[in-house]
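Heads up, the next two complexes both have subunit A, just with different partners, subunit B and then subunit C.
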Partner chain A sequence: MKIDSDEIVELVRIQLGAGDVQREDRFQEDLDAESADLLNIVAAAEDRWGIIIGEEELVELTTVNDLLQLVRRRAGNP
Partner chain B sequence: MTEPSSATTLLESLEARARTAPAMEAIRFEGRSMTFGRLWRDIDGVASTLIERGLEPGDRVVLVFPNGLDFFAAFFGVQRAGGVAVPIFPDSGFERVTDIASHCGAAAVMTSALLPEDKRNRIAGLGAATGLTVLSPADCSATPTTADLPVPDPRQLAYLQYTSGSTGNPKGVELTHGDLVTNIHQMISGFEITDDDVFVSWLPVSHDMGLILMTLTPLLLAARMVLMPTSVGSIRRWMTAIAEHRGTFTAAPDFAYRIALRTAPKTGALDLGCLRVALNAAEPVRAGTVTAFESRFGLDPTIVPAYGLAEATVGVAGRRPGAPIKIDGRGLVSVGKPFPGVELEIHGDGGLVERGGIGEIVVRSPAATSGYFRNPEATAELLDAEGGIRTGDMGYLDDDGELTIVGRKKSIIIQAGRTIAPQEIEETVDELDFVRRSAAVGIDRGGPEGEQAWVFVELRPADEARPERHPEMVVEVVRAIRNRLGRRPGRVYLLGARTIPTTHNGKVRHLNLRDEYLAGTLRADGRIVYPEH
Partner chain C sequence: MERPLGIFETAETLTDAAAPFNVVGVIELDTGISPGGLSAALERAQRRHPLLRARIVDPGDGWRYDLAGTPRIPLEIIKRRDASHWREIVEAELNRAFDLETGPLMRCILLVGKSGTTASELVVSFLHTIIDGTSAVNLVREILEAWNASASGHRLKEPEILELQPPVEEFFPPEYRGLRGKLRIARFMARQLADEIGYRRHARGTRRMKVHPAGRCRSLSRDLGGDDVVALVRATRRHRVTLNSALNAAMLLVVQDRLYDGAAVPLRNFNFAMMRPYLRPPINDHHLGSFHVMLRSTVDIEARHDFWQLASTINSQLAANARRGDKYLSLLTVADVMRFILGQRKMRMAATALAYTGPLKMPQHVGAIRIRGVRTMVSNLMLGPEYTVHARLFGGRLCWDQVYLDCDMDETTAGGITDAIFDLLRRMAREPA
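This part shows the complex of A and B:
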C-alpha cells in the first residue's frame, strides 16, 4: 500500500484544526497538540490505513515525519 | 351545568361550549375557521358513524392527519364514541402506520382529505386487505344520532401517543381523559395562560406538544387558536403569522427558532411585541438561540425554556414567563420549576442524589401515564414502584429548585474522565454557517485514547456539493470545539444532508448514530462525504 506523505500531513491538519502543517513540524511545540490529540491522530491513521500502532511506538513520535515513517513501516511500505 | 373550563374531560368542555357559545370560533386554519357549534356536530357525526360501523368502547382508531380542521372532529369523535384515538405523524412511512395499527389492534383507521392521494389510497388498500374500517371525517354522517351517548369517565383511556421507538419495541403512551385535563391545568398555571392568549402553532397535531399544549389547551379555555400546516415553509411564515394575528403564545423546539432567525423578514417589518411566551422545548434549549432571537426582534425576555415528555402527558416543568433565562457554568439553560402537582427527583446509582448533583430525572405527576399499551416490559422499565417516570434524561436541580437538563442518560460523553453533554458540542458546531445539524457521540474504538467525542456534521446541500471546501470545514469544526471546550474532538465526519437519525420531533438519536457508524452502515450507505476513507 502506497502511503502518500501529503495524505498524512492532511490527516494531521484536520485532526488538529491547524492552518498549515509541514513534515518537519513537532506535534507539541509547533502544532500545539496534547497527548490526547496525538492519540487521536494515531487512531485516525490506524482506521484510515487499517494498521495497528503499538502504544510503545508512540514515544518515538515527535514530528509529523516520524508519524509518516511509522505508518509506512506498519503498512509494509518503507 | 358544567363550566367549560372546569370540565373533567375535554369532551365535556366542548359540549358545554357548543351549547353556550356555538358561534364562537374554536380553530382557525389557513384562513378558514371552525366554530364550537360546528366542531361538536362534526364530533357527533364521526362518533355516530364509528358506532354504526361497529366500534366498541375501548377500541383503538388510528388517525393519520396532517394539521387541519378535520383532525379535531376525528380525534374527539373517536373519544365521543368511547374509543381511543391513536394519532400518527402523517409523514410516517406506510410501514409505521401498519406497525402501529397492528400493535394497538386498531379497529379502524381514519385519514384526512388533506393527505396526499397516494397515501390515502395505500391506507384504503390496507383496509380492503385486512378488513379494517378506513374512513375520513368527510364520510361521516351529517345527521348524528349520538344524543344519548354516555360521557366518558376521566379514568378511561382517551388516546395513545406512540413515541419513536424501534419496530420491535413500540411504545404507545397510555393517556386518559383525566390525564389530559390535569396536565393542561398544570401548564395553564405554569405558563400563566388565560383565555386572552392567542395561540399560533405549526407544530404537528399528531404529537404531544403540538396537540395538547398548542391546540387542546386553547380549546379548553376557548382561547383563540391559529393553526398552520407543519412544513419548513410554515416555519418561515411562522413569525409573520404571529405578527399578523397578534399571537401571544407559541411553542417550538430550539431548531425552529434558529431557522426562524435565518429566514424571517428583516427587522422593522415584523412587530413581535405581542408575543408573551415563545416556548422552547423538546430538544436542548440553547442560550445562544434565546439571546439571538430576543435581540434580533428587540424583545423583552420572551423565550420560555420548558421540559416535558409524552409519558407525563406532555408538560413537566417550565421557566416563569417574562423571566430572563438562567444559564449555568456549563452554558446550559434552566428549564424552570416543576408545574403544580409535579415532583422531580434526581436519581443516581445509589438512589437520590444531593441537591445540585447530576442524575436521572424521575417525574411524579398526577398526569403520569399508567404505561405503554401492550408493552409490559417497556412499562416496567419506565415506571418505578410508585409510578414515577424514569425519564432517561439526565439533569440536576439547582438551589432554587429549578431543573437543568444535562443530556440523555446514555448519550453523555465521558472523555478522559470529563463528562461532556453532547449538546454542548452540538450547540457550538451548529453555529457554523455550513452546518445543518450536528451530533456528538462518545465512541471508544478500543484504542489508548479511550472514549472520545466524535462529531458527525450534517452539511447543507449547497456545501455538500463543494468538496474542495470540506477539509477547511473540518478544520473549522475542530477549532470551534476546541475554543469552546478547550479540547479537540476525537474525530469529525462530514455527512450528507438528512443523514443524522432523529426522532419525529427532531431530537438526534445519538445511540442509533453511534451504532450505525460502528456497524459500518454510515460509510456503506455513502452518507459520509468527508473524509472519504
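This part shows the complex of A and C:
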C-alpha cells in the first residue's frame, strides 16, 4: 500500500484542527498537541491504514515525519 | 551563583517544610555494580548538573538556590537481604527529610548482593523541588552509562557543565504574562472557586477524608502484565481515550467502591502535566528541574458508573483543561494555594492522584547491565490524597507504584484497592468491541 506523505500531513491537520502542518513539525513543541490529540491521530492512522501502533512506540513519535515513517513500516511500505 | 526559587519550586519546598517531599526511584539491576565506579559516576553528575550542587537557603527575603559549598552526593552501601529489601529502604527514604541548607538534595543507596554478580538495586532520592520524572530518568541513565563506560575501561570525556535554568514560569508563552496573563489567572481562579462550591455542595453528607496530625508513607508496587497491557491499549484506542484516562477511571471507580461504599460522590483527583515541550523555548530533558505541574479536577462518580463513559468524561475534562491552558494557570497560582492549604490544615487536597508518565525513556540494557525494573514514588503528606500512584510502561508491563499513609489505610486495604483496579482493567480490556 502506497502511503503518500501528504495523506499523513492532512490526517494530522484534520485531527488537530491546525491551519498549516509540515512534515518536520514536532507534535508537542510546534503543534501544541496534547496526549489526547496524539491518541486521536494514532487511532485515525490505525483505522485508515489498518495497522496497529503500540503504546511504547508513541515515544518515538516526535515529528509528523516520524509518524509517516512508522505508518509506512507498519503497512509494509518502507 | 544563585537565584530565587520559582513559583512551583516554592510550592514544593513549602510542602517539604510540612513533611518530607521526596522523589524516590529504584533501579532494579540483574547484576552488581561496583561502588567505586558508581561513586565516580555520581561525582561526574554533580559536576555537570548545577541542581546537584544546590542547597536551599533563606537569607531573609525568601528561598534561593545557592550552589557554593555543597558536600558530595552521599552513597550508602547496604547488604541486600532479599528481593524485597528495597521496599523497606524506599519507605525510609520517602519519610527522611533532606537538610536543605546543607545539601546536596540528592542521595543514593546501593543494595548489593552476596557476590558482585547477583541482582542489586540502586535507590536514588531527591528533594522534589530539583527534579521531575523526565529529568530523573535522564539522570539515572547518565549515571549508569558513566558507570558502564568506566567499568568497560573506557576513558570518559569531561562532561559538559550545564547552567542553572531559570524557573519554569520564565519560559511561559506571552499570553500568560502581563495584563493578559492576569486576566487569565482571574478567570482560572473564578473557575476554581465555582468548582470548590460545587464540590462542597455535592459532597455534603458523604464520607469526609480525615486530616491526621501525622502519617508515615508506605509503598506498594504491582505490575500489570504485557498481554493485559496490549489488550487494554487496543480497548482504549477503540474507545478513543488515552491510557491515562482509562487508568484514572479504574482508580476512581475502585476508590469509590472501596472507600465510599459505591455511593454517588464527587472525587477530587490530581493529574500531572509535563511542561517541557510546551515552553518557549522547550526545555531539553537533560536539564534537571521541576518542569511539570499538578492539575486538580473534580470528577462526579455515579453509583454503578460505566467504566468507558467515565474514562471518556475524564479524557474530555483533561483535553478541555489543556485547551484552556490550565497547566500554565495552575502553576502560576500553586504557591499561594499551597500556603493557604498548609496554613489551614483543615482539608485533604484530593482523594486520589495518578502520575502516569507513559512509556519510560530508559533502555532495558546499559552496556552489560540489564535493568529489570524501574520504580518511582513521591512522598505524600497528611493533607495529600488517600490513594496516590506513579505509573509507567517499562518492558511492556504497566508498573504501578502506590504510596499511602499508614494513618489512612493498612497494607491489606491498599493492596486490595490495587488488585481490584487491575481486575477491572483486565475485564475492560477484554470486553467485546
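The rule we apply is simple: the second predicted complex is superposed on the first by the 78 of 78 C-alpha atoms of A that agree within 3 Å, B and C clash if a C-alpha of one lies under 4 Å from a C-alpha of the other, contacts with A are read in each partner's own complex, and residues count from 1 in each chain.
Here is the rule we use: a residue touches a chain if its C-beta (ideal position, glycine included) is under 8 Å from a C-beta of that chain, and two chains touch if they have at least 3 such contacts.
Computed from a predicted structure; not experimentally measured.
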Check the residue A:E46 against both partner chains and state whether it touches subunit B (first), subunit C (second), both, or neither.
both
Have a look at where A:G17 lands relative to subunit B and subunit C in the superposition and call it first, second, both or neither.
first
For A:E29, is the partner it touches subunit B (first), subunit C (second), both, or none of the two (neither)?
second
Can you list the residues of subunit A that touch subunit B in one structure and subunit C in the other?
34, 36-37, 39-40, 42-43, 46, 55, 58
Quick one: in the complex, what on subunit B touches subunit A?
415-416, 445, 447-449, 452, 471, 474-479, 482, 487-488, 490-492, 531, 533
Residue ranges of subunit A touching subunit C (in the complex, touch as defined)
26, 28-29, 32, 34-37, 39-40, 42-43, 46, 52, 54-56, 58-59
Spell out the residues on subunit A that touch subunit B in their complex, using ranges where they run on.
10-11, 13-19, 34, 36-37, 39-40, 42-44, 46-48, 55, 58
Seen from subunit C, its contact residues with subunit A in the complex are 229-230, 233-234, 236-237, 240-245, 277-278, 282, 315, 318-319, 322, 358-359, 361, 393, 396
